[in-house]
Amino acid sequence: MPATSLCQEECIPYSLMDDYSEGAHPQILEALLRTNSTQQVTYGNDEFSNAARHLIRDKIGCTEDEADIFFVPSGTSANLISIASCLRPYEAVITLDSGHIACKEAGAIEATGHKLILVPAVDGKMTPNNLQKAIQQNQFFPHMAKPRLLYISNASETGTVYTKRELTNLSAICKQQNLLLLMDGARIGTALASPKNDLTLQDIFQMTDIFWIGGTKAGALMGEAIVVKKALADGFVFHLKQHGALLAKGRILGVQFMELFRTDLFFKLASHANNMAQSISANFEQLGYRLAAETETNQVFVILPQPLVRNLLDRFRFYIWEQMDDGNSVVRLVTSWATDEMEVNKFNAWVQQWTVANN
Amino acid sequence: MPATSLCQEECIPYSLMDDYSEGAHPQILEALLRTNSTQQVTYGNDEFSNAARHLIRDKIGCTEDEADIFFVPSGTSANLISIASCLRPYEAVITLDSGHIACKEAGAIEATGHKLILVPAVDGKMTPNNLQKAIQQNQFFPHMAKPRLLYISNASETGTVYTKRELTNLSAICKQQNLLLLMDGARIGTALASPKNDLTLQDIFQMTDIFWIGGTKAGALMGEAIVVKKALADGFVFHLKQHGALLAKGRILGVQFMELFRTDLFFKLASHANNMAQSISANFEQLGYRLAAETETNQVFVILPQPLVRNLLDRFRFYIWEQMDDGNSVVRLVTSWATDEMEVNKFNAWVQQWTVANN
Amino acid sequence: MPATSLCQEECIPYSLMDDYSEGAHPQILEALLRTNSTQQVTYGNDEFSNAARHLIRDKIGCTEDEADIFFVPSGTSANLISIASCLRPYEAVITLDSGHIACKEAGAIEATGHKLILVPAVDGKMTPNNLQKAIQQNQFFPHMAKPRLLYISNASETGTVYTKRELTNLSAICKQQNLLLLMDGARIGTALASPKNDLTLQDIFQMTDIFWIGGTKAGALMGEAIVVKKALADGFVFHLKQHGALLAKGRILGVQFMELFRTDLFFKLASHANNMAQSISANFEQLGYRLAAETETNQVFVILPQPLVRNLLDRFRFYIWEQMDDGNSVVRLVTSWATDEMEVNKFNAWVQQWTVANN
Amino acid sequence: MPATSLCQEECIPYSLMDDYSEGAHPQILEALLRTNSTQQVTYGNDEFSNAARHLIRDKIGCTEDEADIFFVPSGTSANLISIASCLRPYEAVITLDSGHIACKEAGAIEATGHKLILVPAVDGKMTPNNLQKAIQQNQFFPHMAKPRLLYISNASETGTVYTKRELTNLSAICKQQNLLLLMDGARIGTALASPKNDLTLQDIFQMTDIFWIGGTKAGALMGEAIVVKKALADGFVFHLKQHGALLAKGRILGVQFMELFRTDLFFKLASHANNMAQSISANFEQLGYRLAAETETNQVFVILPQPLVRNLLDRFRFYIWEQMDDGNSVVRLVTSWATDEMEVNKFNAWVQQWTVANN
């Protein structure tokens, strides 16, 4: 939890806490305004939602017969609905112990009745070895719940991305072991825009059974687009309704995704977020600070001395991720589509100034 | 399900199907634009949500110590979270068999583990007699689930409203029988704006344990405000999170309710909807048609001959609620904050013209 | 709930309240003793359970490839596991409003997440018309939960039985409408032993998807045998485990069913129960009392004047099912495999004596 | 999973796989016979269940006002009902990652909606340090489920026991942190009969909120007695019913616990089991084999070379717990109230003979 403090003048500290502290990208608000007055069919069958589906399918390179697309208001909804829809009651989910569903969704998956099998992360990611081990250790049936779905996030919780090779390997194990593969794409935009990325949306569609494209952290007011392989889509819409995620005015989700994918807006915004993070990260490294994780997307994890942390907190808001035994802290800085380059420059200058003064 | 047909010209039939076919009232969109760029605390703790809470508490006449207010994206979310948060696993909900939770939410309440006890409606409403009878018939413990909460809607599913006397009676039984009272307020705006209404938000707050104020059908993009008596509010926010209803950008719900309650906008929009329904209803009655339910809010239920229905469907979209044995149909016409008075006038004129021509 | 009173002497009133007030038939206890010391594989894979499965399959006329058989400790377990195993989260169960799952199992089915759709009974039974109507009224998808399983009991809650023609009709509708058919057989023994019955276990197996054979009310200490068509059996055992119904010493259920089906014991005990009920019922009718339901199995529902009820309660325990407005009561008398013929004779004599004295 | 093989003659290998391969202790079967024919009140309110409750309360040293006692058919039922009854939907259970609920109950706890927070074991047990750490790491509310109950087993999964000091420490943390403490007592008999034990049933009752006394592994046909502090007992019986654990003939559980606690039978049988394990364990140690865990109750974990394992499997059945990298195996041998001393002697002799021959 962040320790915040006021700056000496009456300024409000600029937030680098997360990628959802602002509203929506102006183009998205404009699209909502532009489409506001027309009457539309409700519950997700409006023309804007259908247009958004069309645009997303185009990017994925698939037809209507291959994938269904559903829009939901939040990432937790996307995860719990995807999992509840695919699994029978005794089937379990394999996830990293740092997975969003494992420690940031208040037990949402268990609330739908499903067990999580926890696996340690390597660079924030699932590895084939750890996956295989988890599968092997959960075979004492019927005393153990049956592993049936692998949940991963791209970008990961620590901002790293899966390479094509890594995803190919995980996908192969899943197929071989009869596991479904679900990719949480809350930050799939920054993942795909990462310099380290070599995956396309087509690859992801082909290698997973369900994945979702995060809008909330990508410039929308809210909303995530779940892409479900046709074979798993039957009955999916009932789950949306049953979990309160089928909005009467589904159009407001459709319009936003239509706008994000009508042009390259979705990817441009992600690139901006990544660039801002790179800038912060590069500055830290240049000044001799050690990163706690590679900066591959829009999150910077850096190890800082307490006095610098305290000084930065006078002007910026961010999470102290971990207090280390040696008195240093791991600090997390998150950038977004909305991050102001001038604020980043100020941040970097401040770090530099403090560092020079204290060495 | 509606039978729709194209009109002779290339016009698109005007919809009187529901009160959520349009986007949001322009003032609400403006508020979203105005507040868009400021950075805010996330997950519902932003200044706009707090301002909206303050405004709603003012209308209710209560302090922060008396009620908590939570914003959720949909009515189904509001109902399932309210019920799941208050009940122990073996406790049941008493509802009308026509209640929204009973037949329009895909089993959302049962999906949280709770039984519904169904009671027949009188004029769309729960009566003290029917409530008492349901309680008495569900006392064979522990073989029967224990009745613990009464769910009602105001306005009701057929557009009728609860009078102060009616709500007082139900509330008294609930207190005496140790039942909680939950009011679904998806259309509470039109209920309070009804000529027949003699309840205030203060009354409702005092007589219920939880009620919610519908935004989706009242001019917002989406969103409902749940008002929970303090004694029941503990842990409520976990339920929001667990069910995917705690939006990262909670501000977008806060801003909308702030705008609805900053002035009398909420009530003005409801009055408009009611007036439009009154106009349609009065025209039908004047022309000798029989209403299937009193028009107390923004829904008109009227019995029409098939030929008239077919003719109207060329120009307007609406639900055929019931096919009667005598060949007539019960038709439902719904108006809203967005209903165009000119379209209503056209509708009324068309009805009149057909009636004259066919008698 | 029964009104009970002590008899004038220190006798304990003889119970005709239910068919599970005694322990087990002596042969069953002997079988438990006989098999007690041998070591067995656990969790239902022991030789006795397998032998019982073999015997039951013989009666059903099916092979191992056609049906799996699972033993569980209680009827509620049998129902909730069968339903939870077959249905997806948004699928609903159609049941009589008087069905055991609807009003005697504390919301056990809803606790697994599934909605019940209630249908009124005719002679305690589901009719094709009422079933069709329920299906038609629950088609507004995805706002309504999807009907997917028909639950019936044979014998019914009022002791009536389904004829071959009746079951054939229901089964045909289920197939046509893509509904599974589950028969609760808590009292299937007395149903099959009823003079009115023309169904065999083979018929029932062929016309249903799952049915269960009640042991608890048929002479066992406890235990029900669920017969599941092979296509639905996958994963069933996980549900047993997950719901606490997979006994470590599964043998104790296997041994009891082995003993019940090794000979005709199961059917003989059911016949005894039915005969005792017939004797009570015939006596009442002969004396001019009116039955509230046909006595087709081991339950007698009879309308009696209050003074007679009071007198009987001095010597016997039974449920007063309903207080009628005219001062009479509907009384339920249940017989079982253990019912003592001498007590029945005393009961009948007492009724006769009182009737003569009071007319 | 055990590798079993036939012995050279036609003998069936003697099982040391678990403590539930036999039926019930003869005295228990006699008690069932003795009480069989009397009519009893159903669903756990019979005189035998009440007598058993009285006897257990006597051992615990508490009155009816301090604790309620419920009998259920299985350990999984005991755990899932206890947890579901005490926790609100967003509350989580802290358990060892080797806990029975974590890896041997097919996700039964998650199926009731509750998250498990996993903690590594030390000597098979929860330590104050690990508990505190788990609590601290799960405070990011409402994004994390709220820790609310600590689940431990005594004896533990590896047969170790909690000392009075250890339980006192855990209990103190629970009180301080507002956690309930649930003790799974599937093997509480052998724990209390352990030479290492210094706890009494009174201690356990006072230091926990709920604990249960295992009958299945202690000589009963089946059945566990849940002891619930009065403050938590409200509504408990509904949970029994709802989960299929409220047996119609509750008497059969009552009679068995009455017989176990009428005399010291429960403790005597546990002592026998422990003694048999001690004999096996001592023999191994004397012959120079290394134990993988201290033999404190009725389970022996020993590291054996493959050739010895193969030889033993010709005559005995047992689990190979773990294949070690060095080619040795960890073997688990379980004794029980029913373990034949002659078979244990044969086992020990066989180990000795092989060891001598192969050194």
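Note that the chains are named A, B, C and D in the order they appear, and that numbering of residues resets to 1 at the start of each chain.
Operating definition for what follows: a residue touches a chain if its C-beta (ideal position, glycine included) is under 8 Å from a C-beta of that chain, and two chains touch if they have at least 3 such contacts.
The structure presented is a predicted model; accordingly, all values stated were derived computationally and were not measured.
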Most remote chain w.r.t. Chain D, using mean C-alpha positions, is B
Quick note, more Cb pairs in contact for A-B or A-C? It is A-B
Inter-centroid spacing, chain C versus chain B (mean Cα positions, whole Å)
42
As a quick test, compute the distance in whole Å between the mean CA positions of chain A and chain B.
34
In whole angstrom, how far does the Cα centroid of chain A sit from the Cα centroid of chain C?
52
Residues of chain A touching 2+ other chains?
89-90, 105-107, 111-113, 142-143, 145, 238, 241-242, 246
Connecting every touching chain pair, does the picture come out as line, ring, star, complete or other?
complete
Chain B touches which residues of chain D in the complex?
84-85, 88-90, 112-113, 141-143, 145-146, 235, 237-242, 246
Tell me, which parts of chain C touch chain B in their complex?
1, 89-90, 92, 103-107, 110-116, 118, 138, 140, 142-145
Can you list the residues on chain C that touch chain D in the complex?
12, 14-15, 17-18, 20-24, 26, 29, 32-33, 35-42, 72-78, 80-81, 105-108, 111, 216-217, 221-222, 238, 241-249, 251-252, 338
